[in-house]
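In the two assemblies presented below, subunit A is common to both, partnered first by subunit B and then by subunit C.
Moving on, here comes the complex of A and B:
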């Protein structure tokens, strides 16, 4: 177990270093001048060069990268070029908001998606299946921005029962979570349905039925535990993805999370913030991957941790 | 079999219950109406309003703020020596009680108002301004305002280069007198001093928190104090009860929400949650049409022609745009009225560099430089230039939807005279870097005034010395450069305006640009908001507005 953990942590470290190098190179390769983000478009070339020097951006790119790594090792993510705030402050301010939105959206996806998947599997090729599967296809096809604006216009503006975007209150969370959840639930429905149908065709399910076990018992006790495994893998990656920021949902609902920050940093070539948001997303993926592997082990006795 | 069906039905009920329980959490959140109404109520009772801002502020440090976004609030926290009268371009004293310019135009003397306090209670003196001038010149601060005073102010370069500890040309004979000496007469120097780069600052406060912190913890002498600031989320401005202008600001508090979604901003306005949409947030195309057509909102719209020009900078140094006939042909080939339509009518087509509200603008241009839309004539000029079969070129534009639509319209117009344009959209600093690289045939761009003087267009955008910094047409005409140098020393007045009119005509003969249109900004203002106007130079007049019972 200890060797496994060490191997995973070492692997994660190498992945993160690799991602940081690639991101750093991409940020430098794209056209544009980050100094303009600091001094504005109208500043004179003399001021631009002066600030470039002060910020150390006139040094070779590898020197800048090692200087970045050195600071990172000391827990210093630097200052945002765009608004001069410490990057750690910007990230910590927004990560909480994104985590809350991601978890609530994820919960809606699961609460809607998994039962729908079960239902459509149990009623496969029956009218319930056709109706619910069609709804799922509609859900999967809905553009997030459209659904978000539809909610804002009808629920917030027309009915006036929830605020138009923003954050800080549970009421601000409902519509973005539903938007994320409805679009995402359809994936879970399809995944669980396919997986459950496969499980239902297995010998041990037939045996369970032959032994007189009730359908409810067969479905939940014998089928669901095996049928839900692909959904667990997907759920792990899904939450990692959501934690990294949901750009469109955050933009439509003016929800100040990591997605908005990432978008803004790319627009302004705000390299320290770009690096931080990318690394944060990568850490989320690495950590969730690890958790999913452990969950696999717990759910499926055939899988060994070694 | 029957048992199996019953069990399945039971499961169906169970799952539906699960779904319903998930949905029931929605219903529990539906009583937010009270909160929304509560916000409205607050705005009336407490003299508080809410407004949206399209993006967070890039800077709050006056030395660093150089865009319209941060101008919106930096001018609320700080006072410059002089400012513009409400709804006018006339300069009047702000922190200065009175000011005087010597006959030779080289010495500016300001008598400051006494008893003006910073938000922390410290008294403002002439040194408070000197400290800000020093910050502007300090390489460590990296202020984009440096070029406005260095080398113009005597001793500025020596100070900036670390050769002197003081700026020899800026002195304070007594705590309430500030004297600034410049190297040569400069007709726009007062306008420069009215820019948000140059207010009074409390050096002790800045030193205590450092330049980086000062960029998001502003503290000045202005009508509004910063109450709270959540980066990327909102900012609350609180009335400075000790503000030196009696009766201002009129409101107690303004909450600014950073709202990137313009459609949501329009809905919030319709709900009565926000007080106005002005400089702070653009009214989106569909919302603008809706406001115009709805009798409930039509009369709430206010318009202001901006002192700005949208134009195509033609690269005067590369083929085929180094040929004047080609440039003139392009000028005549573009249907500018189509661009006005693409702006929902929020623009006026123009053939001039200077916008209508800028001194020097000519109501009627002489026919030889008034390049009216005429496709046939354009084709003839192209043929005469030796490009009867047209040519291929590139056009750099920003990547916004609006810019892309306009670029496509221009592309289709030029196609009709045989010019094949490849549109290259870029965003942010990639775009401006691309423009400065001078590698594109055309650059679609715009200029908004820094201050109401024609030199801010003609000198900044078309002087050969500004290639490629701001002169993206790479236009360099020694005659024009000389004329600009002479005109810059003239004091504001008819002689100066006539000189710049003449320069504009000289430039137009060469057709280095295609002037496209002058934008018209529409604001929409709640009927219960009083004192709102669209200032020709400044942003929204936050200190002047008040609310009535509604």
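Moving on, here comes the complex of A and C:
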């Protein structure tokens, strides 16, 4: 366990370094002069050079990278010139809203995906399976933003049942989390179906059947627990997917979270904020994957070191 | 890849020598895996629409027709002149959707080819040479997979300035990680098989072994992944254009049409139906085709 933990931590650490390098490169490659953004177009060349020096932008690239890393280590994500606020402040203001949205989207995925997976596995190659699997593949193919617009037009605008956008109330959360979750649910359906089918072909399931256990009992008591484990490992990858979906969902529903912040900062080329949002979501993914791996190891020690 | 896979490939090459048998086989595959047929037909219609766009379109996709706007300045709904209505500045929705097919396929296919090239190269090198090469490539792959893909592409396109070429380059250059992982896994399985080992023992160079013994065995999963990737990339382009950082108007893209619809759906709901339907058609077509091919080529999944 200890050796596995150490290796896993080391691996995650290397990935984090990689992430910091890539975000730094992207920020460095942004067209336009960040100094000009600060001092304005009319500043004299002397002032520009002065500010460039104070901001450390006249130093070699690798020195800039290490000072960026140093600031990151101290929890300093830079300053947003567009919003005139420290980036940490902007992000912490919105992080909660996005976490709530991502979690409820995830809940929708699980609530729809796992039962669908079970049903399609139990009724494999029967009419129920064909209908539900077809629905699932349509779900995977649905464009998130189109689904969101469809909800807004029909449910919010025409029927007036739920708010068109914004946040603050549970009602504001329903359509965005459905939009976010419906598309992802099909992935859980597939995972659960595949692994349940594998479990069903195992000896101990046959034994349970032979011992006279009812199908229901076999499916839930013997099959379910083993069949759902692979879906747990997907949760780590899913965070990456959800964070992408959040950008679109928050834009469509005008929901004040990290995704909307990311879009706004890209429109204004507000580099520190772009870097921070990309960095933060990538860190979420790494941490989540790490937690899932450890959990997985605890649930099923056979998997271990591969 | 397991042995049953290798057998299937052999059978198909044998059958291909006789035309009749191969035709029978095609029918049999299509009957056993209807998803290939349905998905294939859906993709085929898209290709036809893209190729014959000028013949199918009823209007010029970027001309703003004064007749498309009503007296109060609102876009006109479906009528005899504009069968699916006009957009907020009087362009024909139907013709724009038809021309949008070209943009979608162009971005989807070229981006996927870039990812495919990078992914297969890195996957083969990583799996075949192993050791520190594998270590380095896999750590880079892990890093790429940690980024929320959409956000990552958005950031890169913003840096590159949006244009069709930059959109597919950004998507392609960032989208290879999953392919690398899958190809590496396949190579690791094939590498230890006897015939590869014997080729090695006979003194074949790495180059020859990779191209003659290894690559033919990763073709099947690469085709499956590649097909699914085209669908994903079409969706991604639409998402970027919808967010305003992909294909820029007046060039027609399903995504930027939906963005137009987002701003005017209260008075012109027809703006969100046809482009959205076209997008769903495309992603669904490639997903069905990819899934069907997977069921056919990789019998270990889904049985």
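The working rule: the second predicted complex is superposed on the first by the 246 of 306 C-alpha atoms of A that agree within 3 Å, B and C clash if a C-alpha of one lies under 4 Å from a C-alpha of the other, contacts with A are read in each partner's own complex, and residues count from 1 in each chain.
By our rule, a residue touches a chain if its C-beta (ideal position, glycine included) is under 8 Å from a C-beta of that chain, and two chains touch if they have at least 3 such contacts.
Here the structure is a predicted model, which means the values were calculated and not measured.
A.B. asks: Touching A:123, do we find subunit B (first), subunit C (second), both, or neither?
C.D. replies: first
A.B. asks: For A:267, decide between first (touching subunit B), second (touching subunit C), both and neither.
C.D. replies: Both partners, subunit B and subunit C.
A.B. asks: Of the partners subunit B and subunit C, which touch A:226 in the superposed model: first, second, both, neither?
C.D. replies: A:226 sits against neither subunit B nor subunit C.
A.B. asks: Once chain A of both complexes is superposed, is A:174 in touch with subunit B (first), subunit C (second), both, or neither?
C.D. replies: first
A.B. asks: Look at A:152 in the shared chain and tell me whether it touches subunit B only, subunit C only, both, or neither; answer first, second, both or neither.
C.D. replies: both
A.B. asks: On subunit A, which partner's contacts cover more residues, subunit B's or subunit C's?
C.D. replies: More residues of subunit A are touched by B.
A.B. asks: In the superposed arrangement, which partner chain does A:64 touch: subunit B (first), subunit C (second), both, or neither?
C.D. replies: Touch partners of A:64: none, neither subunit B nor subunit C.
A.B. asks: For A:215 in the superposed arrangement: first (subunit B), second (subunit C), both or neither?
C.D. replies: Only subunit B; A:215 stays clear of subunit C.
A.B. asks: Which partner does A:160 contact after superposing on A: first (subunit B), second (subunit C), both, neither?
C.D. replies: A:160: touches subunit B, not subunit C.
A.B. asks: A:26 in the overlay: touching subunit B, subunit C, both, or neither? Say first, second, both or neither.
C.D. replies: Touch partner of A:26: subunit C, not subunit B.
A.B. asks: On subunit A, what residues does subunit B touch that subunit C touches as well?
C.D. replies: Shared contact residues on subunit A (touching subunit B in one complex, subunit C in the other): 30-31, 149, 152-153, 157, 251-252, 267, 269.
A.B. asks: Which stretch or stretches of subunit B touch subunit A in the complex?
C.D. replies: 3-4, 7-8, 10-12, 15, 18-19, 22, 25-26, 29-33, 35-36, 55-59, 61, 64, 66-67, 139-140, 142-144, 146-147, 212, 215-216, 230-233, 257-261, 263-264, 267-268, 270-271, 273, 426-434, 450, 469-470
A.B. asks: Which residues, counting only subunit C, touch subunit A once they are in their complex?
C.D. replies: Touching subunit A from subunit C are residues 139-140, 142-143, 145-152, 154-156, 158-159, 161, 231, 235, 238-239, 242-245, 258, 261-262, 265-266, 269, 272, 276, 279-280, 283-284, 287-288, 291, 301-303.
A.B. asks: In the complex of these two chains, what residues of subunit A are touching subunit C?
C.D. replies: Residues 11, 14-15, 18-19, 22, 26, 29-31, 137-138, 140-146, 149-150, 152-153, 157, 194, 197, 237, 239-241, 243-245, 247-248, 251-252, 259, 262-263, 266-267, 269, 274, 277-278, 281-282, 285-286, 289.
A.B. asks: Write out the stretch or stretches of subunit A touching subunit B in their complex.
C.D. replies: Within the complex, subunit A touches subunit B at residues 30-34, 36-47, 50-51, 54, 79, 82-85, 89-90, 93-94, 108, 111-112, 115-116, 118-119, 122-123, 128, 149, 152-153, 156-157, 160-171, 174, 178, 214-216, 219, 251-254, 256, 260-261, 264, 267-269.
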